[in-house]
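Encoded as structure tokens, here's the structure I'll be asking about.
When the chains are written out, they are named A, B, C, D and E in that same order, and each has its own residue count from 1.
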């Protein structure tokens, strides 16, 4: 018994403290002051975000179950930033009529799911990972159902929870096979005990495992819930789902594949991923082309983005990992900017289709501008951050030097053209179709503005300021022992 | 006048062009015109001084009685390679360029002067583009002067293009009128096509000789031909030597400008331009550029007898063809134009029959043809300019080009009539007018080549006399002039008359210039003798032609019509210029536009564009096609999920385990 | 920041400052917007002229480096990506060209409506990309600026364009981005094979060329990628179809900048990246692209003959002329390559001039169909004369830029020792006749003849700003045409290393 | 070799599980389905007991049989009018389901039985595994200590409680 | 058993029935873990613990899922799975 080990996880503890503060505020403060709760939660979380930038002690704890190193630290910080923006943008929404009664729970659940994601990131034992995964997804189901007056919200929640449980069942089955083969659930031991293992069972196990995590990442063909849930969920939750949840899963995925299965098994899961990436990017793009509902549209776009993120995983090297984290960071900013705009407009007018955005530039130039930045960044247009992240992730993938990877990169690149097409459709609606303006001029709340400003600055600066990527790269290259197994 | 100042002969017109083009258009018309004429006058005087100094002065240009090629200015304009293949813009003085300076400046000055009157109004209204006209004239003069003093073949090409453009601008002077518009376009494109071959020729030639420079290529004064050329003669391409190809291509370039068959079609149409322009460009100067080109490269041509033979055949045929067409034209300018073609063909043939080491017949030295050609060029420029200016005066008076609108003008315009007669006599080769001497020497040179050539050319000379006098009679006699309107045609103001008189005077005396001493292919004086038998014969033929014309056209009579109906097919074909225009029309419209461009444009829109649109459509329909996957049903989703996972495992397993 | 001591960076900073200045102006403050735009453009021209001056001075003082004013600042250290600047003669003249066209473009879009501010913002963003591309010698930054230059096109055409603008803008953007997808793969491949030492990768062009370590089999894969990538922008057959539609729909200044500068990025990139870095593959595969570009030349010219829309004519003419650029580059000798750069200059200026004039004519007559116009020379002589001059430049009249460029290309190309190349050259030369055909056809229909539409009689000639825009370009065209050697001396030495690299693998 | 009794016992339990599973997913009445589930869960607990994991078995009965099934029954009662049948299945879905699960089962079966290590294993005697030790391990931070998951799962449960409350609340 | 659960999940129209099927699946996984633990790796108790936690997770899942289903029922008066296919394509 060594409870000092909890000190190894200051970020988690900090997060729980934030949760407790919010919870206490929600429970014990007089009802009049509850209106301030969203802001309070945001500020406390902001403070926590700053606090968590203090470097952490590195090492394994809880008997190799939990690892905290610079990479996990950085990843959690990235998530914190995204989370902060989401919280900031949701302040106004949380105080709106239908949600106000449940605003406390909203923040509590958000914080708890983030805790689950922390566990996914840092867990080095499948049990911790699974618990983290469930913590990150089950409360989300309730968040998806948050807008109780809308039927879509419930439909989305039902779909989400059913498919989520199903996928975790599949994943657990895969895990049980892994356990059957290796007799352990510690990542490092799995790595050492599957040396030379080359059976169909392991492949099946791996496939099921990949499908389970792929579900969270919404990789094709495990993605089908995504669009419906994104569409039905409250926009804030959608944005949370699309970036934070996805980012954490991607990182965890990377760690699992590299640490647990990296040693001798890289070729197998790399080929699986290879196929998955191709169909993910392609199918995601193809679906996105036809979407008129922006939330749904972004859902499919995020599917294809997940495919790009997986390019970082498939590279399985320090550059790839750094690029992936960087990509996630940029993706957070870009997607949150897009969702921020959508949320503002939806909150005021309830309009979410592309046609409604016609002539947005005329009435709301700034919103249109931010949306355009987001679209360009997602499409990978310089000098916005998306370009850099995309370039680096391709660079990371191609570093393996395999010709097949070049083919993959080429397919991905060709898909960027398709993706550009539909991103430009949105831009077209806002800028080019100026004749019919559906949405009147809006005045957004300062918190929303602040959120959008942060995103805009992020999109504009992250690429140009190299220190972020350099920092991430230094971190990942310091983890050389992780990659030496490949 | 130091020869190094030749550059100013070029500089003045160029400056005039810029000045008149940019500033002149804002000035009153009178001032512009006078300025233009003054500028040209200075140029002319200067050019005379230069030519005089060159031919008769002392200096480096004449060593041991051999005229040297002098490069007085050489400015590196464009260097393709650091040290070799450099395009220089310079001034090369040798007998022919000096002679050309004189010709160009004389005619140009005359035309400038003449235009003061001619261009002052247009059907009674003040001419709108008067200033532009003078600017363009100056540009043309500059280009033509630049052409003749070229030090290298590339400079020549450059100025070939420049004269082409100024010709285009001047033909299209009345751009508001559709025919002028079409004619200018046609002229430019046809000569451009010829220039394409010229360019290819230059490229081939320079590829082997590694130089553009005339002096390096041919050595000074027909001296040593550069080694690269002689060694390249051994190389063959498709059975002919590469240099033969190159020279033939270059000749095609010249043929385009000089309106050799079948590239002659632009010239008759070019008569849509103002008549002084026709006199300057399309009779005296630009059209002889091709002849000048061949003359300039003569030392190379004589080494390539194949190319020479081609020139010879083309020249001889063109001479006949154009003469035949000229016999039936009713538009006086067109008739004159065909006459020009025919005469230039004379010069071309003369060059081609000449040889450097040819046999001596009748005591003539080799290179007689060359000398004769240049001589004819000189004299022809004068009398043809005269004829055109006269025609201009007539047109100015009656406002029509058709000879049916004229007839019997002798009474009204005596000076013009006499000047025109002098021109006709000169071109017909009646002694002592200028044409007699030059044409006689051409015929001599042709007889030297072979009796067949001589006879053929003599026949053409006869035809020349016939059609010239036909025109003359139809304009000035035939029947009494019917006066339309209140104004009877009358002689023109002095600005127009003066050039006629001057040119007529030159046409009378130019034959006595001792050309053989001055202008020869290698700079050495050439002994010339009158070959009396040839001369007598040619005069005889000319007289027959004149006689025939007199019989048919002196007085109104039904004979021409009778003949025309008798040989209806032939007459119509000749009148229609043997359908060459229709052939070209067919080639350009039916083959190039309809046959090539339209299909290509279609291909571009449908196939290539279609392909890229197809890519987009395929993507879209693929997107539509897979939409069923997103059925909205959880169970459907899960099925895909599980099937996907199973397939992933199964396929990977199969692949991995089987390998 | 030592980078700011390098003058080259100011070619990027000035447009960015202009962007900032424009952002501060009010939407309605048209005078302020114009003032900022003109200031920025003038500063660029001045800087470009100064650059030429210092460049010549440096060369005269015997500096023989491949690239001058080099500066390299580490940007992404882990990937060894630097912000590497440097110019050689080619870049210098391209910068000069861009500066002048931007300058003229500002004046040509003087009366831009609606949203002038946004228009100029995008316009200068595009310029930023263009200048950045030319001053970079690092693959990454080059590529970045390349794409920066591409994307504003979409909005510029989409918002301010005319005709079928949505389709055109989308097609243009997607096709160009498609090209850049190939390009990106090429760049990544080059990066990873840049050095024979394992683990050492570089994006610096000079270093890659120096290592000369890209394996031959990789070259055979990467060269087509890179070449096609740039070739799309260079309107190489059969990837040219974005060009007619795009140009036809684009607003005047955008057409100018696009045809004038952006298409040059293609040719520039082909030689600077594809050929310079992968000489072996260039020698091996050059003939394929040579054939394609040869087709481009003739094909574009023939296509232009039957078009009726003024902009389409010029777009196809651009296909033909830009084909000549790539064609010459693939001849692999100094003269032809020099000619290619001259052609870029020449085509840039004269096409910009063309599009400016077309825009002005269109602004008056509201049609671009030559069948509906005629005799405009009577009505707007200034524009008419400008158009004729542009036409002469295009068909290669000596004294204007087109002639110099085309002749250098033809003579240089014909110097190639291989018969195949020479025959192709001759085929390509035929374009000069076809060019004459379609140029004169337009001039004849548009300017000459009787006035077709009586309403046109009331139209006005060019006003002050329009005169500035066109006069600038005409003067540039004439200067190049009259003093080509000045430019050739700047350009030529830049090709020595490329040609050396090419000959070393023969 | 294990004792015959164990084997027979195992076969019985296995058959129970399989039969009731099939029944649970095929029966038309939803309440029956829940009941069959209960049997399956109980049989599973029996397996645990057979393997000497008494605590696990107990948990299984307590949580699953006692908690979840009751939850199901309540839910069914809430959402169904008594006596209503589950709507008949469509044949399209049946085939799809059969294909999906069939392929899955076949794949897993091939994989499992193709894996050599699994065949011929026998139940070995287990060390003393008392409830004390279990508790200790659950709160240990060493290797094979489960304090972290323990705490984590408590957070999970808390989150689910909050979530459930939010969802279930009327407004 | 897992297969049965799978089959049930895909074929049942009733959301609660689907949940029951899910429970079957989860249960089968638990068995798997326990059996592997007991037969193959009797030295440690990882499988057993995993099952223990999995039961807890399953309980939580069921609770949340049922809550949501009941909510859907409130709005739609139906727990038919085909009810929730409003959003598609």
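As a convention for this text, a contact is a pair of C-beta atoms (placed from the backbone, for glycine too) under 8 Å apart; a residue touches a chain by one contact, two chains touch by 3 or more.
Treat the numbers as computed from the prediction; the structure is a model and nothing was measured.
Trainee: Which pair wins on C-beta contacts, D-E or B-C?
Mentor: Of the two interfaces, D-E and B-C, more C-beta pairs touch across D-E.
Trainee: So which chain ends up in the middle if you average the CA atoms?
Mentor: C
Trainee: Where the centre means the average of the CA atoms, what chain is farthest from subunit D?
Mentor: B
Trainee: How many Å are there between the centre of subunit B and the centre of subunit E, using C-alpha atoms for each centre?
Mentor: Spacing between the chain centres: roughly 95 Å.
Trainee: Cα centroid separation between subunit B and subunit C, in whole Å?
Mentor: The separation of the two C-alpha centroids amounts to 37 Å.
Trainee: Distance from the CA centroid of subunit A to that of subunit C, rounded to the nearest Å?
Mentor: Inter-chain centre distance comes to 41 Å.
Trainee: Measuring centre to centre with CA averages, how many angstrom lie between subunit A and subunit E?
Mentor: Computed value for the inter-centroid distance: 25 Å.
Trainee: Check each residue of subunit D and list the ones that touch at least two other chains.
Mentor: In subunit D, the residues touching two or more other chains are 93, 96-97, 100-101, 104, 107-108, 111, 117-118, 144, 146, 149, 153, 156, 160, 163-164, 167.
Trainee: Scan subunit C for residues touching two or more other chains and write them down.
Mentor: Residues 174.
Trainee: Where in subunit B do residues touch two or more of the other chains?
Mentor: Where subunit B meets two or more other chains at a single residue, that happens at 627, 630, 632, 634-636, 638-639, 642-643, 645-646, 649, 653.
Trainee: For the complex, give me every residue of subunit A touching subunit D.
Mentor: Going by the criterion above, the answer is residues 1-3, 5, 16, 61-66, 101-102, 105, 108-109, 112-113, 115-116, 119, 125, 127-128, 131-132, 134-135, 138-139, 141-143, 145-146, 148, 157, 173, 177, 180-181, 186, 199-201, 203-204.
Trainee: Okay, in this complex, where on subunit B does subunit D touch?
Mentor: Touch list, subunit B to subunit D: 635-636, 638-639, 642-643, 645-646, 649-650, 653.
Trainee: For the complex, which residues does subunit B have touching subunit C?
Mentor: Checking each residue of subunit B against subunit C gives 76-82, 85, 87, 154, 158-159, 161-162, 165, 168, 172, 175-178, 180-182, 184-185, 188-189, 192-193, 195-196, 199-200, 203-204, 206-207, 588, 592-593, 596-598, 600-601, 604, 608-609, 611-612, 616.
Trainee: In the complex of these two chains, what residues of subunit B are touching subunit A?
Mentor: Touch list, subunit B to subunit A: 619-620, 622-624, 626-627, 629-630, 632, 634, 636-638, 640-646, 648-649, 651-653, 655-657.
Trainee: Okay, in this complex, where on subunit C does subunit A touch?
Mentor: Of all residues in subunit C, those touching subunit A are 75-79, 140, 143-145, 147-148, 151, 154-155, 158-159, 165-166, 169-170, 173-174, 177-178, 181-182, 184-185, 188-189, 191-192, 221.
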